[in-house]
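Heads up: the structure comes next, in structure tokens.
First chain written, first letter: the chains are A, B, C and D, and each begins at residue 1.
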Amino acid sequence: MGNGWISMSKRLSETDGFRIVETGPIPKKAVMINGLPDVGLVGLLASSHIITSLGLEEVGSLESELLPPMIVLHGGVPKSPVRLFANSSLIVLISETAIPVSLLRPLANDLVGWAQKNGTQLMLSLGGMAVANRQDIDTPKVFAAISEKRLESRLNGAAEILEEGYIVGAYGLLLRKCTESAIPAIALLTQAYYNHPDPEAAAAALTAVNKILELKVDVSELLKKGEEIRLRSKDMMHRTQEEMLKMNKMHEYDLPPLYG
Amino acid sequence: MGNGWISMSKRLSETDGFRIVETGPIPKKAVMINGLPDVGLVGLLASSHIITSLGLEEVGSLESELLPPMIVLHGGVPKSPVRLFANSSLIVLISETAIPVSLLRPLANDLVGWAQKNGTQLMLSLGGMAVANRQDIDTPKVFAAISEKRLESRLNGAAEILEEGYIVGAYGLLLRKCTESAIPAIALLTQAYYNHPDPEAAAAALTAVNKILELKVDVSELLKKGEEIRLRSKDMMHRTQEEMLKMNKMHEYDLPPLYG
Amino acid sequence: MGNGWISMSKRLSETDGFRIVETGPIPKKAVMINGLPDVGLVGLLASSHIITSLGLEEVGSLESELLPPMIVLHGGVPKSPVRLFANSSLIVLISETAIPVSLLRPLANDLVGWAQKNGTQLMLSLGGMAVANRQDIDTPKVFAAISEKRLESRLNGAAEILEEGYIVGAYGLLLRKCTESAIPAIALLTQAYYNHPDPEAAAAALTAVNKILELKVDVSELLKKGEEIRLRSKDMMHRTQEEMLKMNKMHEYDLPPLYG
Amino acid sequence: MGNGWISMSKRLSETDGFRIVETGPIPKKAVMINGLPDVGLVGLLASSHIITSLGLEEVGSLESELLPPMIVLHGGVPKSPVRLFANSSLIVLISETAIPVSLLRPLANDLVGWAQKNGTQLMLSLGGMAVANRQDIDTPKVFAAISEKRLESRLNGAAEILEEGYIVGAYGLLLRKCTESAIPAIALLTQAYYNHPDPEAAAAALTAVNKILELKVDVSELLKKGEEIRLRSKDMMHRTQEEMLKMNKMHEYDLPPLYG
């Protein structure tokens, strides 16, 4: 038996953030829609529906050493849970895993850098806003935080603007980074159940997206399959809730900030 | 569809600590007051009151990859939760987010480095000291830990000096770093409720600050609005408490150190 | 007493991942079996049994700054809990400590890099798949996730192929990395108790290994010593369960992924 | 108000491990005793008693960005909680804070590097070993794990040698590192209460130290002040227990390792 102490393997240190791997054509000057898992999975459900309805193609994935240790099998092929889909004018980002709190700032920075490189014309982030009395609300209201005042007109009356408050999570960071980088950005926050998948809230978000982007994505399908979606996304909601707890996501908006 | 595996985005690695971004004039040889969230939010409440009373202007923010993923909206503009306010002789630092335990040493190091560059004449940190029988105390007592003996005279009788014990949190680290860097530093620790916002303790701290800096900040306002402040800062207290738990902040001072 | 502030010690920064230390001859073009602690400790029990049955020799260890702070005493000699055993055609990796979640990606990357260097012909990972009704199952079923379609034939009918779903933990990452690096890889996942050591599941896994590799490891011993094994590995199971909780390992496979 | 975005502060990145700051003369070829907080605080209590009894002088401190955010005030001076004391032939390390799990490997590496530089003749680590029936034991037994076989004779019958098992915590890592660096090392593990300060166990450890090093430290004082010590170190025990929980320290030794 040999005795030599030989160091055999040296991992090449990757960046602490994300590597964006492009596997298909990325449209320039596109609108980018972000559907990360969040309150009520509003953004993920709405974005997945856009991908299916518009027949977007898979064009890339996000890779990071710090993502949860998990892969997704599709047709027997192991894939990253964070992927990009696109057609010629639209890019949609979805994540089938909750993004760990420590990765949210790198994600915001890397996405905005990538968006800038592609001349992205609008960053449209879809998220939920927890409301205690969700069961009493028929049509969830959509709120918007914007990166610059002149975007008010682009909302087309689809959402009410947020002036004061906290935004916890990836979308607040994205917004602030976009303000700094002069990329127009809107975060649409739709009233939703905190920890139950909420296809009705996703439908309300989609209706606002249709108005803002002048799309015609059919919302009825999303409402019809409500129960099936709730079941399929139960586990996803569960994982998401844990990350939200870590960042105290529930309590935002409840109170005005301490110092104006 | 393309097949190229191309690494598209590379995040520029920032420092592990804080970037201090100046957006207004920073006074030289100023007194710096630190109002980080802590026991009873004493420092944050007192410092916010100083900013309003003296009409200080926003002059900068602290940025870090490791801050919680959160922004503050003020007038629809996304901002950092950790910001600097100043007039010609006073700089006040407040944080509208609890600083994670892992950022406290970088914060202490970076602040002291920045203070040194600006010729800061005194670092005055405002914090709370949990006492079990807080409800039986009418006028909370103020204690002081100092970076060098000769500061005793500057206290002007406003606080009682701490000789033995632990100090857990940012202020102990700031004190020790100031001792090493020969910047005069005082940590004022006022008796307070551990996990309830304590405007009365903040008023007692402010009275001591008035004495030490020969200011005339009106304290009555802080007492009058007590109930409103308690309500508005409930969520902030909650987030702060979690970080304090992580560092076992409650139990300090209870007992003399093990080895003298 | 001296006063000099002299920095005396500077730790040489190692890689963030693993250092693979070879202490014996490493066979080229071998099959590598991975027996990391996991659901029911299936892989660890099966792999330990292979080492004993085939009389493999210790040929190396894996070292990392980020492994739990623990050593194993064997014959009074302190050793790493993660070690490599081999004969002329087989390498077996076992870990006597749960691998922390943050080390799983580095582990997958470093192992595949090392395997590539050694011309490894097959990566065979042994793990468990939690099933709720385990007590009602006599012969646990074995499932396989594979890195490329043509491996189906190598399974020799020993396992059923997984087409859709999540894989949480080291083995999913290993699989995906092997796909990228064109190293044939199979992850065998055997139905098992989630948090009880499951020698019967290990025996079922071994039977599949025998079929795939055309080995003749005797399984009866593993079944006979069932109770003793369960007792000896209780603590190991306990530590493993904590890491599995951190990565939500229990809920995988329960549901189809959200987006196909 | 200015508008320039100017990065003002850049923290100099320190090592991820420890900086050992020497403030007094460090003896060469000395024996080094490590009294880190651990099961029953055995090592810390015994080591503090050695410092007082032999009148050792403070000769240095250990600094790390990753230590808990805490300082110790002694005579109004802010100090590091991890410090070195020495006379001409003995160095004692004590920590008045629990060392976080993530710092244990850097600590072991840096201490052994520093010991090597100083020609340390023996590393003697004092720790506790949890026993369920501690209250039924009058004279706690002392066990020893050693870095090389020939140290058996140096034990002088003061402790029973451990041959098989796990060692969790700093001392196991220290031992393994000493084996690699050819520094003679002994870890003395004394039966103790898991989570109560145990001055009687500390006395038993000291008796073994006296035998091994041929010292005459008076043990009676330690026993007489038992109740006072228990009270004073309650908080320290509490903090220590949390770190031990994180590394599953309780369960070691309970069972033989899985694979021999």
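The working rule: contacts are C-beta pairs under 8 Å (C-beta built on N, C-alpha and C of every residue); 3 or more make two chains touch, one makes a residue touch a chain.
All figures in this text were calculated on a predicted structure; none of them were measured in a lab.
Q: Fitting on CA atoms only, what is the rotation between the copies chain C and chain D? Please report it in degrees, nearest 5.
A: Resulting rotation angle: about 90 degrees.
Q: Tell me which chain's centre, taken as the mean of its C-alpha atoms, is farthest from chain B.
A: Farthest chain from chain B, going by C-alpha centroids: C.
Q: Taking all residue numbers at the chain A to chain C contact, is the shared part over half or under half, that is, same or different?
A: Since fewer than half of the residue numbers are used by both chains, the interface counts as different.
Q: For chain A and chain C, let me know how many angstrom lie between their CA-based centres, rounded off.
A: The separation of the two C-alpha centroids amounts to 34 Å.
Q: From the mean C-alpha coordinate of chain B to that of chain C, what's the distance rounded to whole Å?
A: Roughly 48 Å, centre to centre.
Q: If a residue has to touch 2 or more other chains to count, which residues of chain C qualify?
A: Touching at least two other chains: none.
Q: Is the way these chains touch best called a line, a ring, a star, complete, or other?
A: Ring.
Q: Between which chains does touch occur?
A: A-B, A-C, B-D, C-D
Q: List the residues on chain D that touch chain C in their complex, please.
A: Its residues touching chain C are 15-25, 57, 59-60, 101-102, 104-106, 109-110, 113-114, 117, 145-147, 149, 161-170, 172-173, 175-176, 179, 247-248, 251-252, 254-260.
Q: Can you tell me which positions in chain D touch chain B when the two form their complex?
A: 1-11, 13, 44, 48, 51-52, 65-81, 94, 96, 231-236, 238-239, 242
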